Amino acid sequence: MSPEDRRRPQEATIVAPPPGSVADLFAEALPGLEMTPMQGALDVIIQIGRDDAHRVLEAAKHNDKLAFDFLRNLSGVDYEEQGLEVVYHLYSFKHRHNITIRAKVPAEDARIQSATDLWRAADWHEREARDMFGIDFEGHPNLVPILLPDDMLDHFPLRKDNPLAPLEEWQGEILGPKMGDAGYIPPGSGFEATPAAEGEEA
Amino acid sequence: MIGVLKSLTATMGTFMRKPVTIQYPTEHRKVPERERAFPILLWDFNIDEPFCTGCHACERACPVECMTVTMRDNPLFAEGKSKRRKIIDEFYIDYGRCMRCNICVEVCNFDAIAMNNTWSGHELSTVDRKELILDLDQLLDLSKRKDLQAWDPAAETRASTEGRPQPPIAQVGATEDAPAAGEPLTVAERSAEEQDSPPTP
Amino acid sequence: MTNDPDLPAMTYDPELETIDLNINIGPQHPATHGVFRMVLVVDGERVEDLVPHIGYMHRGAEKLSEHMDYRQAIGYQDRTEYLAQFNAELCYVQAVEKLAGLVPPERAEYIRVILAELNRISSHFMFLGAFGTDLGVFGTSFTYAFRERENLLDLFEEVSGDRLMYAYFRPGGVAWDVPHNFVERVKWVCDQALIGAKDLDTLLTDNEIFIARTLNIGKLSIEDAIDFGASGPVLRACGLKFDLRRDEPYSIYDRFDFDIPVGSNGDSYDRYLVRLEEIRQSVRIVRQAIDQMPDGPILPEKLPRALRPAAGEVYMRCENPRGEYGIYLISRGSTQPYRLRIRSSSFCNLAALKHMTVGHYVADAVTILGSIDIVLCEVDR
Amino acid sequence: MALVLWGLFGVDMNVWLDAFLRLQLIVIVMTVTVMALIYVERKFVGRIQMRLGPMRTGPYGTLQSVADAVKLLTKEDLRPATADFWLFELAPYVTFVPVFMTLLALPFMEDWGVRDLQLGLFYIVAVSGVTVIGYIMAGWASDNKYALLGAVRSAAQLISYEIPLILAVLAVSMVAGSLNLNDIILQQDTIPNALLQPLPFLILLTATLAELSRRPFDIPIGESEVVGGPWVEYSGIRWSIIFALTEYAGLWGMAVLGSLVFLGGWEFPFGTSGFWGDFDFLYQMALVFAKSSFLILTMMLISATFPRLRIDQLMAFCWKILLPFGFLQIVINGIVLMYLDSEVTRDIALFATSGALLVAMAYVTYLATRQPSREARVAAMVAARSIQ
């Protein structure tokens, strides 16, 4: 493998899950659903479109054979040219099975229906995904920033087009260039030395 | 009522026990040999130069980018005294950034960097965080004074010779006047050395 | 009374001529365990509404990890879960191993499990001490707990070289072997931990005042707990016997015999009891592991110099002291994680805080927050 | 000093000079005692927690209180810009002065107090109740919500616990037949009141902890809830007046009061026979010292052990348990004292009724706080469903 090939992100080879897996239950519960089942390192993954997402999640929660009552994790992923994804990791205490649902969301029109009506656990996770990726969760009762301050609304830190170095520079601008220096007093803090005192020191 | 009295027996019981306090500034707990305080550089007493050749391996591997390294040609190599073609020129470590992950020690090809395993690595408080940026002389100082504790992993690890224990500190003793690598310092020697060592600047 | 739009609206009852009072607890408050902030809307002493504010400690560990290679990112796990560092590291290195197809040697697995369980004990001691302080014990429970935690930290220091930020586990094994007196030290520490647990048990468990302050405070039903995504002792206190170590065994946990303590009521008292009992169960696991621990290598024989897992993704979950700690790791074939998502147990447990607190008194809000046992670095990441 | 001793032995002198010297003596003794108590509490609690306590200043840290005092006195005295000036500045003194005034009526030795009041007990109870006004003033003036919440809590708590305290001392004064502290002490030459009246003794201990806002009743200043309550905005000298002087002088005063009223004071085991002649006051002083030290250490042990109660539980404990049993004690005391003339039967009856009431109170408390047993909890654990 040449160095150039190494630098280019690889795509995971799609391994079909073994027959009889949870993905088949989904195909059974929602006939006609367009989805790509995959076998991950631990769980079965199904990849679906944005518009199907809420229908699938609703079936996952309420269908008796699926009965995914525990939302383990909800996260956003930025796949650059392939767009964003919202990933739901679900677990069923009843049947003790896992599923990973990956819903594709185009980056330029990042919105998806909220899952808060199904699991209250989705509330904070979706707020965080909104902070980090700018995904708009439609129907979320209170989609306000949770981890980031309000003035970070135009920066979505975990998107890949928001690299680390410019973020640090941007923070540096806010904090001031001399913030790291000892004895530095930020302007406007009320502790600035008076000009007379400075003169005395000099 | 009974539970309340039971609680009182707990407190009265511990009142009778011996306190566990160590009176820190006057009394130091012995730190273990594999203590990881902050990275320092090691001094090669055989040739009288640092082990470090300035190869940038640690600088690249550092997760927090706290190191600055430059290398130069080794004058001792030109004289034929040393096998090191290049030698460290300047080395800065910002202890204020360092997260003490030990990765620099693991990636070093020359066993030139080690973690300070004495109390002097912990008592570093200063009034100015610029003083936490150490230069080459300060980084080599501890090793030159031979104040590091000897850590001999061969004596410590048991049958697991296939494993890869981290040996760099054993280098410290590898000179004529210091105890050889196989013999760790006795406790008395260690504590005496600890007390002698002045605090790091 | 301020009219800050950030704060929840106050209600005004014209008949009784009373208005609600907003009380700001945190970010600098003795009871908030870090920089958590909650705004309580109180009517007298009764909490009418609660608005949690988090994010003061957000350091972008996920973003930073994307710019590290797989070994460098271990250090950020310590800093994310700073009371159960070995557990967090274990979860992370297992995620990497799953992707890279590494199988750690037996001895390394045992070392990891022993250290992770001891770390669970130390984390629970931290909870017991801090919980007593939240309830107003004059530091007594705190010092009892810290006395034992100190023994554990000493052991961790002897093993890994650091008291808090261990960075000791590696994908494929552990960084270096344990010291020669490890077995004796672990046995001694286990005995001490049981003594400390007994002290705290005598001090608190049967105390009527303690019971009055915690029983039926912050009740959570099983259904609500699952709905909120709560896990760990908070979920088990509700009465659901669910433990990832038993139900989805990872590492070598299927080789040990241990009980899963559960509560019946889902209140603060049950959470306390569950954690106290988990200390004893962890000691059981450690004792079994130390008896079975084999000799041998601590890293696989073929370990690549730079780890470059094949493209793929894994959601690794571990039972941490505070609940399910998950690492969602996506690799796209480079030396760096493409995406690292930390499913923080405290974050999910904290989401249920409002549900548990509303209707209780101000003093109970502190109790409930303490009983969830949050680690703010883990919440904010 | 000679003048003071002159006054001690009751030689006539100018009334004003005598009063002034006695006051001076009390002030000095109080200050020293407060500093000693702070040191003792830190050491004692340290040992309970398996620590050493202060060790650095002076041998075994004995000068720690002095160092603290110097630090506090030289610290900047902060006042919030929005605070009410007069109330804020006056509140510490309003809190402290009543505590000091209680000390004036205490007979520390036979015939030696600042003043021997005929209604001494009544005076002490009346004066010590004024402290709460200082709490409310501070809480209101600080312009801080924690302070306000703490002030409201303290108002509820201190006023409520004043009543059981009064009932407890009232029961004893009924037995003694006097409100004069000297008379009460002299009446205990064979049996201390703590034996005759165990229930009021327990009520007094509890109410004292509540009155002094000490753990487990430190609800007004509970630092994990209201971060210091009314005193959250105070610092430096004002805070030291509140914390050091009020809290520890109050602790000392109440412990001395308890040892005089319930433990027989300087009278109990040896009587006032005066076998040391003019130097009787030495063993009397030692007796009072030992008894009050015992009470103080008990209170410190309780403080270091228990979690804080919640305000509604505290009020329920006061109004539903302490108060009815206190009233019952007084009624029974009245009946016993009215109908029994012989001293022996009277004492036995007093002890029996009060002991029975104490047991009844313990049982009622047990019923109120009854919890499912450990076995029941274990059974529930076993029966818990494994998976949904």
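The letters A, B, C and D name the chains in turn, as written, and every chain counts its residues from 1.
To be clear about the criterion, a contact is a pair of C-beta atoms (placed from the backbone, for glycine too) under 8 Å apart; a residue touches a chain by one contact, two chains touch by 3 or more.
All values reported here derive from a predicted model rather than from experimental measurement.
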item: Selected pair, greater C-beta contact count between B-D and B-C; value: B-C
item: Taking each chain's C-alpha mean as its centre, the one farthest from chain A; value: D
item: Computed distance of Cα centres, chain B from chain A, in Å; value: 40
item: Gap in Å, rounded to a whole number, between the CA centres of chain C and chain B; value: 31
item: Distance from chain D to chain A - Cα centre to Cα centre, in angstrom; value: 59
item: Rounded Å distance, chain B centre to chain D centre (Cα mean); value: 55
item: Contacts with 2+ other chains: residues of chain C; value: 140, 144, 147, 203-204, 206-211, 226, 240, 242, 247
item: Interface hub residues of chain D, defined as touching at least two other chains; value: 48-51, 304-306, 365, 387-388
item: Residues of chain B engaged with two or more neighbouring chains; value: 1-2, 4, 7, 10-11, 14, 20
item: Complex interface listing, chain C residues touching chain A; value: 54-55, 58, 60, 62-64, 66-67, 98-99, 226-229, 240, 242, 247, 308, 310-317, 324, 326, 328, 330, 332-334, 338-339, 341, 343, 347-348, 350-351, 380-381
item: Footprint of chain C on chain A - complex, ascending; value: 6-7, 9-13, 40-43, 45, 69-73, 75, 77-78, 87, 89, 93, 96, 100, 119-121, 123-125, 132, 145-149, 157-158, 164, 167
item: Of chain B, residues touching chain D in the complex; value: 1-2, 4, 7-8, 10-12, 14-15, 17-21, 23
item: Chain C-facing residues of chain B, complex; value: 1-4, 6-7, 9-11, 13-14, 20, 31-32, 34-36, 61, 63, 99-103, 106, 115, 117, 153, 155-160, 162-166
item: Complex interface listing, chain D residues touching chain B; value: 46-52, 55, 301-302, 304-306, 362, 365-366
